[in-house]
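In the two complexes that follow, chain A is the common piece, with chain B as its partner first and chain C second.
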Partner chain A sequence: MVPTKKEGRAKDEEVIKKLEGLGQDMLEQIKAKSTPTFTTALRSKGNIIYDQGIGYIRLGDKTEERRFVNVGQARKFMQTVAIASKCKKFLNEDAHTSIRGLFYQLKFSLGENLDEELFSEQSESNPLVEDLEVALNVKREDLNLNTDRKGVVAGPLVLRDKFGGTEDEIDCTRQGRSGWMIPSDVDNGMEFKSVDADYVLVVEKDAMWQRLNEDKYWKKENCILITPKGQASRGCRRLIRKLASKKLPVYVFTDCDAWGWYIYWAIKTGSMNLAYLGQDIATPEARFVGVTMRDIKDYDFLAQLTIKAKEVDIKRAEEMLSYEWILHHKDWVEELKTVLKTKRKLEQDALQGPRLSFVGDYLKEKIAKKKFLA
Partner chain B sequence: MVTSTEKIFTEFKEHSVAEFFKKNQQMLGFSGKTRSLTTIVHEYVTNSLDACEEASLLPEVTIAITELDKDTGKYRVVAEDNGPGIPEKHIGKALGMMLAGTKFHRYAQQRGQQGIGASGCTMYAQITTGKPVKVVSRYDTKRITCELSIDLKSNSPKIMNAVKEDGNFGNGIRVEAEVGDVKFDKSSFGVYEYIRRTALANPHLSITLIDPEGQKSSFPRSSDSVPEKPMMVQPHPMGLSTNDLIDFAHREKECRRVSSFLQERFARVSAAKVDELRALVPDLDFDKKPSDLQWHEAEKLVKAIQNPQVKWIAPTTDSVKPIGKEQIEKSLRNILAPEFVVVTERSPKIFKGGIPFMVEAALAYGGGAGRANGSMTGSEVIRYANRAPLLFDNSGCAITEAVKEIDWKRYKLKNFEEEPISVFVNISSVYVPYTSAGKQAISNEDEILQEIKNAIMEAARDLQRYLSGVNRDHDRKERKKAILRYVQQLSKDLPELAGKGKSAEIEKMLVHLIETKYSGQIENGEDEEESTNGKNGKVEEEEDIDE
Partner chain C sequence: MVPTKKEGRAKDEEVIKKLEGLGQDMLEQIKAKSTPTFTTALRSKGNIIYDQGIGYIRLGDKTEERRFVNVGQARKFMQTVAIASKCKKFLNEDAHTSIRGLFYQLKFSLGENLDEELFSEQSESNPLVEDLEVALNVKREDLNLNTDRKGVVAGPLVLRDKFGGTEDEIDCTRQGRSGWMIPSDVDNGMEFKSVDADYVLVVEKDAMWQRLNEDKYWKKENCILITPKGQASRGCRRLIRKLASKKLPVYVFTDCDAWGWYIYWAIKTGSMNLAYLGQDIATPEARFVGVTMRDIKDYDFLAQLTIKAKEVDIKRAEEMLSYEWILHHKDWVEELKTVLKTKRKLEQDALQGPRLSFVGDYLKEKIAKKKFLA
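Now for the complex of A and B:
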């Protein structure tokens, strides 16, 4: 079983130690005349578990040994070690790069006589980075590997950002119309100075975030307003998790369709692709605030604003209904069934129907009355 | 058609043999320019081989072919051997009289049984260039040099300019013939291929070809043992056709009655058997002279012989003389230098209820095996009857058919046509059932076809085992190579990662580790290991845009 990770950031020195340990174990194996190996958790579907007890998707206990002296694995093994070695260097130099940057650092010929590159495609390096993350029980951000930034924050949140040799204070109440963009790593060199909010509101769409920001919704409601701009990135999910850990309730506001539901459930339970990070990025406490088909009962005008459900929405609804765990969420079952019956869906933008700022009233009311989909 | 010889003989009574020859060139192998030349070489080489066998000598044969005139296809063929030579008084008969060979009326397994051989060449030379053949025969401290042609009307030899010398000249014969309307080429029907194949089936033969371009191709012998002399055997009644029976009966001089003729001249015929036949053919007088036997009577007699009620003891199989497993293997290795050779050794079988035959099959794979086809090498089927290569009438032959019917994929040969393989099949029998007088294809008798198939498949099983081994070996090497190429990079990164260790040392240890593992000693476990590396932690389902 992969040891349970200490939540939050791993210190650089710890990570470097882990990396060296990995290499030293391999050296010992070679000296003992056996193939160098390392063990990583199996990340295939068979080892991905939705743990109802803890409320998120995580990896099971199955592990897999990677061996160098094995035709199917030799290249990948060599590549993984190259990545590990490179990451150690980044950590020592306190330099960050993207996975793409890493790829270019490692894209060189294996030798004069070999018509082969260490890496020839970035898609090759991505799963190996994951291997390394799982094997060392660290996140890629801990290895100084960044991903693209996505997601924006506004609200009473002050952070300290140590980066590139300087330290900056970021006040998310003072980010104007654009907000603070969530970096890929919100752990290393990043600290909450103050979190003085009553809740966290995650809205699916950037346009909706801009609407609420303009209305100073976060100020009126004393909440932290986040948009992942669609599917939430690792950094965004990690930030939501960290805020939830500060005992802030998390409400999610998305479209009532396949995409919206998916964004919500990914934030809440994590996702299969990132099952190995489940504990760090899932926020089982998150609640779904809307928009829902049952809202039509309370807001008549919405009845006129439904649109035809797409095939993907129908399929997704059917698929979700087939999950065993969804049966524990009776409201959701009813919601999904309504979509299947009416073949209609609702977008969060529809709440701007009566007037642009109506959406704020809607959210306030729903949150106050705790009208969530359970 | 097993009766071609006799047919020729019977018809010979009405025509001059020479005239018959002229009309039936095709039947005798003189059709097509390339084939005619091959036939000529075949006749001389066969004569040399047979003569050396008789005299228990290791044959050494040289064939030299010179182009004289391209337009008319005129060539000079010189065939020389180290055989016993031909005594002066027999030279004419041997080389200048059709159907006068020493072999014609013998019933034993021999290469050619036509007796038209070398005389046919003399005739051919005469017809196409008008020139006599030049003969030098050395034997018993004598040397005879002469020119020889055939009197076409009387089928008698004409010897000219004979010179007889005494002295120690060794022994052997040299025949020089100028022939027209022929062509030398390196096709699979050509002289070169004929000689190569003859050498393959006659490991005791050393043969050299000097072609019109002056290029010398030598096929040295791989065995020093001269094949045993073929045994004379009595024919078994089950192998008789009406034609055969008439032929034998009419030549019978000693036996006075059909009944005694049957008992004396044929194998496994007892007085009791003759009585059985008598009962089946009541209107035939078994006391009449064999020479008076009429066609319709012979026909009834043959029918009675083949009547299933009459149970014959099978003939002895001693008469069948194969080349021998070891000999074939030696020879194939010697000439083809293949990667792998397998030869089957099977017991003689019977066809048509009474004729013994034996199939030898060999497969040579890789190396020089197969037929070069441009830059590619493809498969070839090398057919023999009593060691004589069959170059023509490929499609009608039981051997070709057998090879075609085999599912080669079962034996690890994915595309038979494109594999570097030589399929060698020799059929030995006193009576090889040819499809025609040209003697270039074996007829599709059920028993023969099946036996050829069995023999080849038996060999193919061994080849399959070999190829699986090769594949395994190849795989192992490939695996080793595939891993070794990453050693250097890993050895460079590991010390950096571990913060200790030396690249050079690590590299050395890793190379040693891999060399040991893929040296072939550890075979089990390896496959097991390979199979566990299927999935690499990839998530197959649910699209997710994390970044």
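Now for the complex of A and C:
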């Protein structure tokens, strides 16, 4: 029952050392009578690259230097140092909190001079914490800062979860109707005990996941069934990345519309706002299993179950057709052009039209026949 | 391993009988050469009552009769009958789906004449399904229609979950960092194997729940720790109701602001749009443990951690002071007036200001001293 926490602590010590190094560098700069500086990778658009060779979005080589003696940067500089100090404290205490908890710790120590909007859970890309992540080459999860968690998993995957002084074994085949909720951090204190699956199926909507879970799709197909519940959280993308690294094929099943395409491409290539995490969260190996407009050729009944494409779907399709990396994939180009031409779209739920269990047959067939888009 | 499903099936049979009864009544009306009618409780504002005696919001006695031979009602009438027929099919097949899945089944059978907006997961109060729920006195979960699930639980609670042909035992003390995700339906096929807790603590924010879970608050205090993750889902409210029926005290811990108050009162008294489910989901026994503006008297440091109340907080406080049932609670009136006077509010996260683990000490002390608002 009592966890060894060996690996966990070793990782923590490493991060603490990095945080200390940051402070020591600044102290030395002060001793040498120069102004403290802080160097981090530039995260603005000009330094975000879709790297065709590796297949995901990453930061380029441009860096940015923050200087303490700069009127525009002094306050943020101080806040960044204060955050680094708090994170070191959290790591030493072996306790996690949210961005909001961090905000109140800072407010308690520093007083009123804090922009609370910067520390809302909604502001996904908190620039101050990102500065630290990038400068130290760690994820905020490694700094004991939890991010919003979302998504559920079921199937032949057993995890060892060391957390809060105990260790639990999570068997994702025994989680009933609910499945196991994907946490913020799937690295620290967390390991795969066994992964005995043939592939990973990622299903956009929770309702569809529940449908497949009820039919024990993951059991019949020996796969790991994940839903991000819409846009995938950092933890969910990281879990998918880790499973792909175990050589499991990853298939993604979304609506054929703006939102569905975005969810797929964010899992596959990462996203602009998380470009600095590219290699940790992107899964270029992922393939798109459906639904597609071309499915209508194979499954007649879908023709009557399309619905009107919204403004946002049309706009997104046009946008995607302007991306160089999409143009390399003829199947995607054809798909997007069909939506633009017909002004119709298709939801994954439509596969339940003739009978509720049809969706499982559809997936089985498409996966067996390898009918994927890139 | 193989479930008996005895109770589950018995419940299903009962609901199927009710659905058949609905159809048979209509057939008899047709045979008697009168027009089919369908009687349901009126769900508009004029028939929604806050019942002070029982402490929750319920429907009054007014009913509404829908007639097939009414130009304005014929289409909806037909759709309601079609939904009843589909739900009977789902129950016979022992398969669940979402409102969206139901939409596509209807679209497949009935063709284009369906208002898809009526069947979006976002339209919380789908009037057609509600008609059935009210007329048959069942919950949509009993009709095998899943609702949006949300919320997490940890603590000394063991559940038996019979679902999709297997049975799993869920021990909520062994769910690691994640906790157990609260499903849409906590009644059918689901039972408490054991509940060995002293009380239930409901925590508004997931981040705060994770903080308390990491500190094993539920273990130290022998309580069941729930987060609805904001506004409580139907399943979460139902679970709280069921635990309260086991004679466990229920304490709710939210922000001191518009959203927090709403979450508390919805758990306690139910809500207008779910008035027809009042007794199944309301927990009038619930007490409000914090955070409160008066906490500042006992915990000095909170004074510097208040933040500016928003427009919506001010408006909500004014609104609540116009409700008769709030005026009965002097402590609530005082609380709301303090917000209006100071134009400040307090978040539960502020309790992490001095140290991350302080929030547990705060809760322990307030619960021990029974410092609750009604």
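Note that in this section the second predicted complex is superposed on the first by the 346 of 374 C-alpha atoms of A that agree within 3 Å, B and C clash if a C-alpha of one lies under 4 Å from a C-alpha of the other, contacts with A are read in each partner's own complex, and residues count from 1 in each chain.
By our rule, contacts are C-beta pairs under 8 Å (C-beta built on N, C-alpha and C of every residue); 3 or more make two chains touch, one makes a residue touch a chain.
Just so you know, these numbers come straight off a predicted model, no measurement behind them.
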Inset, instruction - Look at A:27 in the shared chain and tell me whether it touches chain B only, chain C only, both, or neither; answer first, second, both or neither. - result: first
Inset, instruction - Please indicate which partner A:111 is in contact with in the superposed arrangement: first for chain B, second for chain C, both, or neither. - result: both
Legend entry - Which of chain B and chain C A:325 touches, first, second, both or neither: neither
Inset, instruction - Check the residue A:347 against both partner chains and state whether it touches chain B (first), chain C (second), both, or neither. - result: second
Legend entry - First, second, both or neither for A:82, with chain B first and chain C second: first
Inset, instruction - Name the contact category of A:210: first (chain B only), second (chain C only), both, or neither. - result: second
Legend entry - Partner chain(s) touched by A:69 [first = chain B, second = chain C, both, neither]: first
Inset, instruction - Could you say whether A:130 touches chain B, chain C, both of them, or neither, answering first, second, both or neither? - result: first
Inset, instruction - Return the residues of chain A at which the contacts from chain B and from chain C coincide. - result: 111, 116, 148
Inset, instruction - In the complex, go through chain B and note every residue touching chain A. - result: 479, 482-483, 485-486, 488-490, 493-501, 506, 509-510, 512-514, 517, 529-530, 533, 535-542, 544-547
Inset, instruction - Could you pull out which chain A residues touch chain B in their complex? - result: 19-20, 22-24, 26-27, 30-31, 33-36, 40-45, 48, 64, 67-78, 81-82, 84-85, 88-89, 99, 110-111, 114, 116, 118, 127, 130-131, 134, 147-148, 150, 230-231, 233-234, 266, 271-275
Inset, instruction - Using the touch rule from the top, collect the residues of chain C that touch chain A in their complex. - result: 90, 93, 95-98, 100-101, 103-105, 107-108, 111-112, 116, 121, 146, 148-149, 152, 159, 161, 163-166, 168-170, 174-185, 189-190, 205-208, 210-211, 213-216, 301, 304-305, 307, 347, 349-354, 356-357
